[in-house]
Structure formats: C-alpha cells, structure tokens
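Listed after this line are the structures, all set down as structure tokens.
Two complexes are shown next, each including subunit A; its partner changes from subunit B in the first to subunit C in the second.
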Partner chain A sequence: MLGSFDFDVIRRALPYLFLEGMRFTLTLTALAAFGGLVFGTLIALMRLSGYKWLGRIAGVYVDFMRSLPLVLVIFWFYFLVPYIGQWLTGASRPITVGAFASSLITFIMFEAAYFSEIMRAGIQSISKGQPAAASALGLTYAQSMRYIVLPQAFRNMLPVLLTQTIVLFQDTSLVYVLSIPDFLGAASKVAQRDGRLVEMYLFAAVVYFTISCVASFFVRRLQARIAIVR
Partner chain B sequence: MNYNWNWHIFLEPNPMGTGTYLDMLLAGLVLTIKTALLAWVLALIFGSVIGVLRTLPSRTAYWIGFCWVEFFRNMPLLVQLFLWFFVLPELLPRGAGLWLKQLPNAPYWTAAIGIGFFMSARVAVQLQAGIGSLPRGQKNAATALGLTTVQSYRYILLPMAFRIILPPLTSEFLNTIKNTAVAITIGLIELTGQARSMQEFSFQVFEAFTAATVLYLLVNFIVVTGMRFLERYVAIPGYISGK
Partner chain C sequence: MIEIKHVNKWYSPSFQVLKDCTTSVTKGEVVVVCGPSGSGKSTLIKCVNALEPFQGGEIILDGVKVNDPKTDLPKLRSRVGMVFQHFELFPHLRIVDNLCLAQEKVLGRKHDEAQAKGMKLLERVGLKEHARKFPAELSGGQQQRVAIARALAMDPIAMLFDEPTSALDPEMISEVLDVMVDLAREGMTMMVVTHEMGFANKVADRVIFMDRGEIVEDAKKTDFFGGTPRSDRAQKFLSKILQH
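This part shows the complex of A and B:
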C-alpha cells in the first residue's frame, strides 16, 4: 500500500525523465503538430479543389488513416520507412532510420488526416463572399487562399486544432511499442530497473494529467476570447 | 525493393500449432471484437450515467460528472491501462491484489475495463451535448405533464438524445475498436498483436500488416454500414435526418 511509497525513486529519476523523456515527447508533439497542420491543410485544399481525382485521392487517404489503429500505423511506418528511404535515395539496401525520425514521420502522416478534417471544416466555414471578393480584386487562387481564406480558417479553428494537439501529445506515448524512451518510455525503464512500477506509473499519470488539464484550460479561455471577438 | 514477397504465407502452418497464419490473425480479430464489445457496453453504461449527471440541476451531480470526464480524458489511454494493470493490484489490500494478479485472461479484462472507462468519458460528453441540444420545451412539457425527473429522462429526453447523437456514437464505437490495439502493451494478443507475432515468426512484415489492415478496414466498413441502417431506422421524424 501507500506506506511503502518511495518518493526518492521519483526524485532521483527526475533529470532523466524530464531532460530526456519529456524533451523527446514535447519535441515530437510540436514537430508532428506543425507537420501535420501543413500536410493536413494541403490535403484539405486537395479535397476542396474541385478536381475530382485530386479530391478522391485525398478522401481515400483520410478515410484510410482514420480507420486504422495508431499502433498499427506506427508499426507500418517503422518497417516501411527504411524501404521508402532506399527507394528514394537509390541505395542498395534499406537505409537505417532513427527512432525519432521514424516516429516523427508516422505522426505527421497520421495526424495530417485528422488536421485535414479540421482545416476542411474551417475553410468551409468561411462565407462564399470572401473568395469571391478576392477574385474580384484580381487575386489568384493561391493568393486568395494565402491572404484571405486560410488565415481566417486557421483562426476560427485554432481551439479545435489545439485540442487535437493535446490529443496528439497524449498519443505520442504510444511510441512505447517501439521501446523508444519518450516520457512514458523513460518512466517505464526506470520502473522496471528499480522494480518501482507503482511510483513511476502514478507519477507519469500525474504529469500527463497536469499538462493536459492546464493546456485544455488555456484552450477553453482562448475559445471564450475568440467567441467574443466574432 | 529487395524484399521477398510471399503471399502464400497465410496458408502455411504457424509455429504455435494452432493452424495456419491466417487462423492466427482471425483469432486476433475475434479477440479484438470481443474486447471492443465489452468495452463498448461499459462505455455506454457509465457514459450514460455520467452524461445524465452532467445535465441534472444539482451542483454535486454536475461536479461528479465533471471530475469523471476530466480524469479519464486527460491521461493517455496507455497510461490508464498501466494504472489498471500494474498499479491497481498493488494499491488494493493484499488478498484482493493477489486475486487480481492471478486472474486468468487478466489482459483481456483489464483492456476491456480500461478502454471502457476511457471511452465512457467521451460518450458522456456526447450525451450531454445531445440532451443539451433538445429544445427546453421538451423538459418543461414533461414537468407540466407531471412526470418525475426520472420519468422525463426515461421517456422524453434520453430516447431523443440517443437518436440525435447516433452518428458521433458510431465514430466513438470505431474508436473503441481501434483503441483495443493499445492493449498490446499489457500483453493482449489481439489483431495488431497477432500481426506483430506473425511478422516475428515468419519475417513477412508487409504481408502480416497488410492482412491486419484489410481486416480493420473490413470491420470498419461493416460497422459503418450497419450503423447507417440503424440511423435510418431510428431517425426522428421532422429532423433533417428524419423521414
């Protein structure tokens, strides 16, 4: 029971947990969110482009990614990326890809599907008069997207995008299946080394909980502020 | 690509002696479905109770619902499974903890309960939104007719709310099925787990994962099609989706 709870194990592991583990988790979250947003926006533009085949390809990609478990996608990319790298670089054997690069590619490709649906809703929420006015002013399609539609869509969808990023932050813990020392992976390593599963997993739970709670509190405040402006 | 494709691998016997590799994957699929169904039942039961609590006029009820949802939503599912699997038996009294640890099929029960509670928070939020979307007049009319709170939920509010939130509930059910793959970390050999062990035994990585992918897509397709029929069957007349 809690009588034998050993806080010292946690204290000793703190540098490793945060400097290695949490840094990995946060870097992965930030880069994957950025990459996912860029690719997701491109996919959303493909779907709304009006070219039948372009839209269809994007639609199939999104539906495909969204019907697979993330764990399976992580495995897929872990084994596939070396072969894709070989194909791209023309090397004679599958190239070695680091754990970080592999999981980053996985999360960008996976999250792009989810971000694209958010951006699609954002773009569709802009009234038709806006792109019409842009083209009446003589802006090209690219210019009207760049200066008129996308900034507004992004702004309207910011709370949803951030909420999705919190989900992404929690989902990065799944790189555990590749034995990569992200925050949870690091906690689990210490837990198994010291035989202190209870302390380490409870601590990991508290840290994830605190970060997600604080983050969603700020998202809610942001949402309220944006709601007043409109 | 210098990768040796061998699509006949599925018909070759697996080293476990349980038939072919295909049988292995199908056994994984069955376990995935069984886990997902039990988790979904739990998610619906707890999600409904919590969702209703969040709409009641009582402050205490609202707070219980709020804490439940925040607790289960703000932790990664993987961490929650670890808490159920590794931490809970240690925190219980000795006898109960031992009994939990020696439970046969522990990963199955843990996964079903863990995923069920995790999803219950999402179901609760959907149901709360569904009840909130009903016109205020419905509840007032129920009260005016002399129905008690329980009766107005049972006969007026819940039947409407559940039918309205059927589409988002469908995607939550699909999420439940997908989330069972996380239980691979506590030793549940479901579909993804079987594909992974097939890859380790046979070295046919891409065949194994392709088969798992196809099976997941198939399950997805069946659920979506089935739910579309159900949606049409229970559609509320007078709503956009209604007849």
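This part shows the complex of A and C:
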C-alpha cells in the first residue's frame, strides 16, 4: 500500500513548507507569546491590584476569552476588526487589516488571558515579605514589581509559560480558516495542488509532533534545573 | 525621632490588635519591644514605617507624619532601615546586588558608588568574600547579616528590627546580635522587637513590654530588669523566658 505513496512530493515542497510556512508559524508563535506575556502580565497586575473595578474588568475579560473557541475568535476578529477600525478612526470605509496582523492581534488577546492566569499564580507564589522588604527599602510599587516580584514570578513560572507556548505553537495552525499559508496551510496547499493529501498531512503531523516533543523535553530539563536552584 | 501617639489598629471590627499604644524613641536611643506572641509588637513596629496601616492615632517619624495621605511613603521608608524575621533577601539577585538595588533605584547613586558602599558594609558584617553568591548559598545567620548591611547601605536615620533572630538556629544568633550590639554602641537609633533579653540587658536604653495589643510596661532598662516590673503580666512573662 505504501508503494502507491509519493514521498518525493514532500522533498520538492520542502523549501516552500519551511521557508514560508514554518517561518510564518514560528514568527506568529514568537510574537503572540511575547505580546500575550506582556498583556497577560498587565491583566494579572490588574486582577491583583486591589482596585475592585480594575480587577473585575480583568476577570471578565479572562473569563470571556477562555469561554470562546479560539477558531471562532480568529474568524470573527478577522471580519470585525476592519469595522472596529473604521468606527475608531472615523474613516468612511472599513480599514484594511492584513490577515497576519489580524491573526496576530487575535492570538495576543487570546493568549493574554491564559498567560495572565499563569502570571497571577506566579505573583501569588512570591511571599508577601518580598514586596514588604522592597517597600521598606523605599522602592515604589512599580519598582518593587519590576525589580523584585515579576522577575521571580517569571522565573518560577517559566516552565509553565513555555508549555503554554508549545500549545500556542500548535494552535497557530488554526489560522488556516483565514487561508494564511502557515506551515499547515502551506502543506495543505501543496497537498491539494498535487493530490497528495495523505503524504502531506502525515508529514505535517510528524513535523508538529517532533518540534513539540523536543521542546517539551527541553522544558522538562529546564524545570529540573530551576528546581535545584531554588 | 519616632513618636507613636495613641495608635489603634483593628484587623476586623471585633479584633483590635493595637490598643492606644503611645511611646517614643529619641535619637540614639535603643528600645527593645518584648512580649508574648500575638501581643502586637511586630504589628506596632511595622506601623512605624507604614508597612501596616492603622486606623487611629498618629506616628511621627523625624518630623513627618506617617499616616498623612500626603506623605511620600517610599521616600520616608528609604530613610528608615528595616530587618525582617525571615531576612527577605531578594533570592534572584547576588548578595552585592541585593545591597546595590535600592541605592541605585531609590537614592540614584551610580553603580560604582553603590557597589563600593555595599562592599564596605559587607566587610563590616564579615561577609565580603560572599559578595558574588546568591542568598540561598548562605546560612541563615549570614543572610540576616546581609539584610542588616542592605538596610545600612541606605544610610538610615533609624533601624527597625522585627524579631531578627527568631528564625535562626541557636548557634547563629550571636553572630547577628554582635552586629546589632556594635550598631547600638555606635549610636544608631534602634527599635528592636526581640525575645533576646541578653541583648536588651546589654544595650537597650528602654524596654517596652506589650501584651494583648497594649503597652503594659515602658521602663528604663535598669528599672525593668533591676527593680521589679510593675505589672503582673510582665513579671510572669519574664519569669518564663528567664527561667532557662
């Protein structure tokens, strides 16, 4: 049965798959993880701020984002952003937002909800004595967060943050609903063009599996190292 | 230097931790605060630099009212050193950086200047060779000496000690107390919450005894140890901890 498969199609498509597809996937993953971490940390700080309304807004946002299927958010956002942009800028027609920008904003918003919960746990894992000591030395709230609490929270949570990033790496394949040639999108394009669906999807699965597995392995090693230091 | 006037604090409407506490610490004075656990002594000392809010009364620190909403608290706190029961060194920073951070970020000192100051203080507490290590690599006694050096790096006008030896193994207590005794003899204004009556006897000018949120006894050291303490509660407490 394997004899009827043409694996050479993969070899021929490799430059396109990796130089375009995988490059897009990795760029999106990296930018979304970074943006998600920044906004997630801000949301976590809002939730822990002690200002009731700020915390409530952040809480509603996180619950809202976590209750929606990602693929739906990607889809809706792509169609809504031009109109929201039009409304915000007062332009006469819907603004044009590229598929990349639209998907990046969606992922940052979505991941921010997840990263915020991780950072919240990380901040709460720091004993209250640490910010107290920082305050006693005269550091302001912002300085105490920036130099004392957040670096420790980030380090404690690094394995969990990276694991979430691996999930994000897999989730970026959902941009196929916008016909963007990410790695899976590129593979699917070649598959349909050459009529080699089984080979290409099998290959895509192997690539995602390998990258995620290797990354998970390194995260576990990192976790063991951090555990010793503490 | 430190004036505490009629301070009241409630954790909840039915639970009052501080009841009408009034006392003062003058410049160069060493005041030891003792009392059974839960008596509010740690809470009181944390009110002095506003780490704990309080509801009634006022505290005046070097002429500045601590519980005035207009007071620049970070600035005020930077002028008073505080040493905690659990050291609270910053575990992600090297020892020398623990000493430099606030000097640079709060006082705006240049890194070289801060580092020179830090090294000098580390030498003073006998830990110069540990400057490049992380806090977790040091023993409890060493960490507490670093914490004292960290507070001193800010050139404080007064030092607050919140049970500085309570979390230490017995053999490490004296190395920390030695540093504190030196400091007291140099004329540092100090408010010290501790059970170390030997330390109190050696360097304290006054001893405050607290129980159930009240200042029960506020006496000169000689009166407190030499004469009989006036209250039953203080006598009972002293007989218990001096027995062994």
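Quick note on the criterion: the second predicted complex is superposed on the first by the 229 of 230 C-alpha atoms of A that agree within 3 Å, B and C clash if a C-alpha of one lies under 4 Å from a C-alpha of the other, contacts with A are read in each partner's own complex, and residues count from 1 in each chain.
Here, contacts are C-beta pairs under 8 Å (C-beta built on N, C-alpha and C of every residue); 3 or more make two chains touch, one makes a residue touch a chain.
As the structure is a computational prediction, the values presented were derived from the model and not from experiment.
**Q** Contact-wise, after the overlay, does A:Asp171 reach subunit B, subunit C, both or neither (first, second, both, neither)?
**A** first
**Q** For A:Ala32, is the partner it touches subunit B (first), subunit C (second), both, or none of the two (neither)?
**A** Neither partner.
**Q** Considering only touches as defined above, state whether A:Phe75 meets subunit B (first), subunit C (second), both or neither.
**A** First partner only, subunit B.
**Q** Quick one: subunit B or subunit C, who's touching more of subunit A?
**A** The partner with more contacted residues on subunit A is B.
**Q** Touching A:Leu17 in the superposition: subunit B (first), subunit C (second), both, neither?
**A** Neither: A:Leu17 stays clear of subunit B and subunit C.
**Q** Looking at the overlay, what does A:Ile180 touch: subunit B (first), subunit C (second), both, or neither?
**A** A:Ile180 sits against neither subunit B nor subunit C.
**Q** Per the contact definition in the header, classify A:Ala113: touching subunit B only (first), subunit C only (second), both, or neither.
**A** After superposing on A, A:Ala113 lies clear of both subunit B and subunit C.
**Q** Can A:Tyr208 be said to touch subunit B (first), subunit C (second), both, or neither?
**A** So A:Tyr208 only meets subunit B here.
**Q** If you stack the two complexes on chain A, which partner ends up touching A:Gly138: first (subunit B), second (subunit C), both, or neither?
**A** It touches subunit C, and subunit B stays clear.
**Q** Kindly list the residues of subunit A that each of subunit B and subunit C touches, one partner per complex.
**A** Comparing the two interfaces on subunit A, one with subunit B and one with subunit C, no residues are shared.
**Q** Considering the complex alone, what residue numbers of subunit B touch subunit A?
**A** 1-3, 70-71, 73-80, 82-83, 86-87, 90-91, 93, 174, 178-182, 184-185, 192, 195-196, 199, 205-206, 209, 212-213, 216-217, 220
**Q** How about subunit C: which of its residues touch subunit A in the complex?
**A** Subunit C reaches subunit A through residues 49, 51, 73-75, 77-82, 84, 86, 88-92, 101-102, 105-107, 136, 150-151, 154.
**Q** Touching residues of subunit A toward subunit C in the complex: what are they?
**A** The contact residues of subunit A facing subunit C are 127, 129-130, 132-140, 143, 147-148, 151-152, 155, 229-230.
**Q** If we count contacts the way the header does, which residues on subunit A are in touch with subunit B in the complex?
**A** 1-2, 64, 67-72, 75-76, 79-80, 83, 86-87, 93-94, 170-171, 173-174, 176-177, 184, 188, 197-198, 201-202, 204-205, 208-209, 212-213, 216
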